[in-house]
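Several structures are given next for inspection.
Here subunit A shows up in two complexes: once beside subunit B, once beside subunit C.
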Partner chain A sequence: MWRFFAGRGAQYLLVIVLTVMLNFALPRMMPGSPLVFLAGEDVGFLSPEQRHQLYALYGLDQPQWRQFLTYAANLARGQLGYSFQRGRPIAHMIGERLPYTLLLVGTALILATLAGALLGALAAWRRGSALDLGSLGVVMLFESVPSFWLAMIFIAVFAAGLGWFPVFGAGTAGVALAGWPLLVDRARHIALPLATLTIITIPGIYLIMRYSMLAVLGELYIATARAKGVSERAVLRRHAVRNALLPVATVFMLNLGFIVSGATIVETVFSYPGIGRLLYEAVLNRDYPVIQGTFFIITVSVIAANILCDLLYPLIDPRVRQR
Partner chain B sequence: MRTVVHALIALVLVLAVVLPSSGQAGPLRIAIHRDEGSLNPYTYQSGYPGWNIMTLVYEPLFTPDADNIPQPWLVRRYTVSPDGRTWTFTLHSNLKWHDGRPFTADDVKFTYEYVRKHAHSRWTPQVRAIESIDTSGPTGLILRLGAPSSGFAAQPLADLPILPRHIWENVAEPRRFNDMIGSGPYRVAEIREGQFYRLVANEAYFAGRPKVREIILPIIRDATVTFTALKAGEIDTTSRALSPEVVGEFEKVAGIKVARGAGYASTILQFNYEHPLLKDVRLRQAIANTINTRLMVRLLLLGYGVVGSPGYIHPDSPFYNPAVTFTASKTKAVQLLNEAGYVDRNRDGIRDAPDGTPLRFTLLTLAGNPIRIRAADLIRTWLRDLGIDANVVAQEDASIIAQVWPDFDTCKGRRFDMAVFGWSAPVMNRTTSLRDLFHSDCRFGTINIGGYKNPEIDRLGADLAVSAQPERQKQILFEMQRIIAAEVPIHVLFYQDGTYAYRAERHNAWVYQKGQGILNKLSFINPPKP
Partner chain C sequence: MAAPPAQQRGPRRRPALGPVGWAGVVLLVILTGAAVLAPLISPYDPEETVADPFQPPSRSHLLGTNDVGQDILSELIHGARISLTIGFLAASIAISIGTAVGVAAGFLGGWVEIVLMRAVDLVLVIPFLPLMILLAAYLGPSYWNIIIVIGILVWARPARVIRSQVLSVKCLDYIEAALALGSRPARVMMRHVLPAVLPLSLAQFILAASNSILIEAALSFLGLGDPTAKSWGSVLYYAQARSAFLSGAWVWWVLPPGLLITAATLGFAFIGYSLEEVLNPKMRHGGGAC
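What follows is the complex of A and B.
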């Protein structure tokens, strides 16, 4: 047992070290330089000395290996550094965005998992029925729809057209609200991005659940249950769904780790201030420290989700326990 | 009495129905398309609208007027010595910082020295010309220049915002400093990173009360969403110009007006002057002669633009030389190519240079800009017609820069053939822009991305930089435009007009600043009386 955990721990540590190195290398391998974003639009009028002074200010004049050592040393002390562009501590920037992203992507994941699993189970249970074929068709359609397109349609129909929801943002800008009005305002703003994200997340879960359910329904213990006279509903709920849920649970737990990474496209289209948009803008601006910091947080949470999965899986699947 | 009360109640009810609930009382909402840092002079990001918003809070001594001519603002009167080297200013006496402390000549002296010490890409080069700064009393200021400087009124006077000394004198790392005490007509009341900025009017402003009491600047990254929000009434205007195909549509929306004016941003065909084939002026002239810029303006801009001037300067600029003209002619192009010996030697449909090299080029263009992609595609088609092969490659901004302008440093060379490129409006406004664009020494030709070399241009450019008299500047710039038009180191395709939609009932005092747009200080406050 302890050996198992020590082994896993070493693995995770290795993954973290490798990702830290990759996080450092990848942004720097992109073409382009952060200079224009450090210097603003007048970058063209800089003299060579000023250019050098700017690079020195951000440590970019150092050789790459030294920059890496500085970065790694800071990281070891728990410091993510400062944004090139904003001059603010990255931990603060991520901290501000995190609640928005957790709320949006977390809720979407839960809703999509519930809806996808339910729909997938029913479709498999009534295989070949209108429900099965109809839902499969709709799900395939949404599977292939790009999220920005769906987002645009939602904005055009429900925001601009019907006026039910606001077009952009996470709240009405610059209006001080509290209590119920605040909650309603937030809810109205999150509705469309949440709907978009949920709808594009459902297909993956639906398909896994449907196929898992079909496999389970072909098992002998289902036939046995039916043979000994268990009611159809009990077969469905106690024998089939519970077993078929295992792969969905795994996917759900792994997805938990990615909640932190946000939903770049949806957040950008709706101007929602989440981590995905922070990362996207940092990439556009070649803001190396923010890219590194955000990727690092994502890596850590994905690994945390994996550990959680390792720990929880034996609880939901007794077969693993016996090994 | 009772009838009066009833009449009043009726009036209130009528007004309540007639006036929209979000009438003048609410804040004015102006969507911007990117984050602008904490809006202080060291953290704002973009030239437009970033600089314009920042200068609502932090102010330069002068301000460009609607024609983009710098006018004294914080300065009540000023004189320039006959040799152009000594500038004497008297500041307004009632200037105050947002925290109530008096704004004095000492703050100006401090700022000009501060940006010299703490490198700022925009302002540090501008104050290089200054030899000494002296103050006399709280409102007197004397600047002495080493040599007369052609653009001194524009930069730094109308560009460099003054910092409060009592706050900034202890700031060693300006880029990490997020204080926002300025002197301008607006104070920064709230910043939600990635979401919005909230500015409120500085009621104690020396030039009077600003026209709008509260401004909210939501950040909307996506263009379509921005315009949808405008139509839905969630915002009142935006820093984004309307794309040509939606101008007509917006003009028809009730309550929305479209302000239109000259745009100083250019779209150009940039040649690499160091390319073994493209260094031949006849080839560049032939290529320019195949490009129908008039059709481009009609087709790509739907008429919302002006055909490029061969000497770079926009026809609306006071420095435009109307004698320099260019009309494309395919016959001329064919004639030029044939005469120079560019003929198809191996019958593959592509002309070859006398040494046998086929005329095949890569034409770079920006992936995120549909107008430039379509311009590149038109050029490709027209060149193909002539027997020249241009392969259009669309890439993201950073990749284009890495090839065309590595590290934004023209001293580092270039590796491209041709590019559909463009410069923003401030390049047109700089008095020295033609020197910056074409001087062969990379220290002066800081945006000479094609590596163009011409001793005559170098000489004129050096002369231009130290000419303070507008008449002399004009004379030099006219001559430079003539040479550029003949030599074609770049071929200017067009200047897209600025078209900005706004909700007129929310704010109707917009001032279109020539070449730029409506988001500027003049739209919110009248110039101070001298």
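What follows is the complex of A and C.
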């Protein structure tokens, strides 16, 4: 088991190192001066002396390996640099946005896992029934629908058309709310982004649950349970679903990158002030340090979630503990 | 469709595509037909201003006009060309890498396999859209950049599936016989193993195309696509930029391009899943490694 964790740890470390290297290399690989990507396009107006000073400030006059070490050391201390659009520390900008994304992604994951696993288990249990084929069809449709388009349709119908929900943002601006009304206001704002993200997350979980459940239902211990007179309902709940859930936990991890990608798009369409929207705004403003910082934090968060899943997995699957 | 590799156990059978697969074929034939015949069947030149901007649908403009007075129906018919071509080319790159990696890892084994499969896991962990946004932001929006970026990020899943197929092909009698007769491993890999996994590669290619179309649409929608090429995603980008979804215009400006993207993705996915179910040893009983 410890070897397993060591292997996984090395892999995650490699992902982070590669991310850092990519972030370091991109501005320096591009044609033209790396200053344009590090300090903003205004550097074209500077005098040669000023440019030289900036070069020294960003350490660009030093050897590459030294620049890289400085860069990595700064990252390790949580210094992501400054936005050249706003002149603010990027770490603060991300810190403000991260809770919104965590709320959105976390809630969507819980809802989608519940719905996907339940529907997948029922579909496999009643294989070939109208429920199975119907849900399979709907799920394939969900998988093929572009998330940003679904978001636009939701806005057009439920926000702009019927007026049930606000069109954008995470809260009503300029109104001081507290307590219950604040909660309701926040809930009304998150409802549509949450619905979109949940819908596009369901297919991955549904498909693996259905597949894994079909495999489990063919196992001998299910036949044994039935033979000794356990009721169908108890077979399903106590013997089948519990075992079928294990692969879902694994897919859950593989899906994190996908869900975070989905959140980036959904936040963009709904102008929801999460980290994905920050990435999009940075792209619009060509604010390269913010693009890099955001990408770095997103990757680190996904890795952190993976590590958490790895640590929790032995709790739900006792067999892993004995390996 | 090509015949499946001869199986050790059970009788040979040709893959039956099934109704779902055929539904996918029909969808794609219609869309590809529209793409090929675009200059003949589209009523206007999609690049020309042919009427007042923001017109609702009428006899002369069935889906109305956009913010600069171009005919939306013509944009969508021509958009099929861009969207399908990008999906096709990106999937070709992805599947070439995926097949090469899968065959090499599965057949050669040893440290080659360990290194390659670690690389696959690595690509699967990274949040792909933020990475694409990062790359697209630096490389600049262009037709080929989009294709290359999608291609080099979609190969991981096909590589994994193809490797597991190679593992089960590797222990078939004729491969062992070829090796026992003294054929060089490289030759066996190219002459015997590769042809045996090509049908599954085709299924994976189709699934990758489905994926690529969806990703291209997302990138174009975010304004990171080729600004000179009109794909379905970029039509939606302009609809979003002009807030079409806040007015009644969403019915003819937002709804149709999204339905087309869904239809193309679904068409490829239907065929891909049907083929995969027929060809993938893991999805059938009695398959798997020896």
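We adopt the following convention: the second predicted complex is superposed on the first by the 251 of 323 C-alpha atoms of A that agree within 3 Å, B and C clash if a C-alpha of one lies under 4 Å from a C-alpha of the other, contacts with A are read in each partner's own complex, and residues count from 1 in each chain.
Quick note on the criterion: a contact is a pair of C-beta atoms (placed from the backbone, for glycine too) under 8 Å apart; a residue touches a chain by one contact, two chains touch by 3 or more.
These numbers come from a predicted model, not from an experiment.
Engineer: Using the superposition on chain A described above, determine whether A:295 touches subunit B (first), subunit C (second), both, or neither.
Structural biologist: Second partner only.
Engineer: In the overlaid three-chain picture, which partner chain does A:114 touch, first (subunit B) or second (subunit C), both, or neither?
Structural biologist: neither
Engineer: Determine, under the contact definition given at the top, whether A:72 touches first (subunit B), second (subunit C), both, or neither.
Structural biologist: Neither subunit B nor subunit C is touched by A:72.
Engineer: Touching A:249 in the superposition: subunit B (first), subunit C (second), both, neither?
Structural biologist: The answer is neither, since A:249 touches no partner chain.
Engineer: Under the stated touch criterion, which partner chain does A:269 make contact with: subunit B (first), subunit C (second), both, or neither?
Structural biologist: The answer is both, since A:269 touches subunit B and subunit C.
Engineer: Scan A:57 for contacts with subunit B and subunit C and give back first, second, both or neither.
Structural biologist: first
Engineer: Have a look at where A:18 lands relative to subunit B and subunit C in the superposition and call it first, second, both or neither.
Structural biologist: second
Engineer: Quick one: is A:306 in contact with subunit B, with subunit C, with both, or with neither? Answer first, second, both or neither.
Structural biologist: second
Engineer: Classify the contacts of A:152 with the two partner chains as first (subunit B alone), second (subunit C alone), both, or neither.
Structural biologist: both
Engineer: Where on subunit A do the contacts with subunit B and the contacts with subunit C coincide?
Structural biologist: The overlap between the subunit B and subunit C interfaces on subunit A comprises residues 30, 37, 152, 155-156, 160, 167, 268-269, 286.
Engineer: With touch defined as at the start, can you tell me which subunit C residues reach subunit A in the complex?
Structural biologist: Within the complex, subunit C touches subunit A at residues 118, 121-122, 124-131, 133-134, 137-138, 210, 214, 217-218, 221-224, 233, 236, 239-240, 245-247, 250, 254-255, 257-258, 261-262, 265-266, 269-270, 273.
Engineer: For the complex, which residues does subunit B have touching subunit A?
Structural biologist: 27, 29, 34-35, 37-38, 42-47, 50, 119, 121-122, 124-125, 173, 175-178, 190, 192-196, 198, 214, 216, 218-222, 224-225, 228-229, 231-232, 234, 397-399, 401-402, 405, 407-409, 411, 424, 426, 436, 443, 446-447
Engineer: What residues of subunit A sit close enough to touch subunit C in their complex?
Structural biologist: Counting only subunit A, the residues touching subunit C are 11-12, 14-15, 18-19, 22, 26-27, 30, 37, 140-141, 143-150, 152-153, 155-156, 160, 167, 254, 256-258, 260-262, 264-265, 268-269, 276, 279-280, 283-284, 286, 288, 291-292, 294-295, 298-299, 302-303, 306.
Engineer: Applying the document's contact rule, which stretches of subunit A touch subunit B when the two form their complex?
Structural biologist: Those residues of subunit A that touch subunit B are 30-33, 35-48, 50-51, 53-54, 57, 82, 85-88, 93, 96-97, 152, 155-156, 159-160, 163, 166-171, 173-174, 268-271, 273, 277-278, 281, 286.
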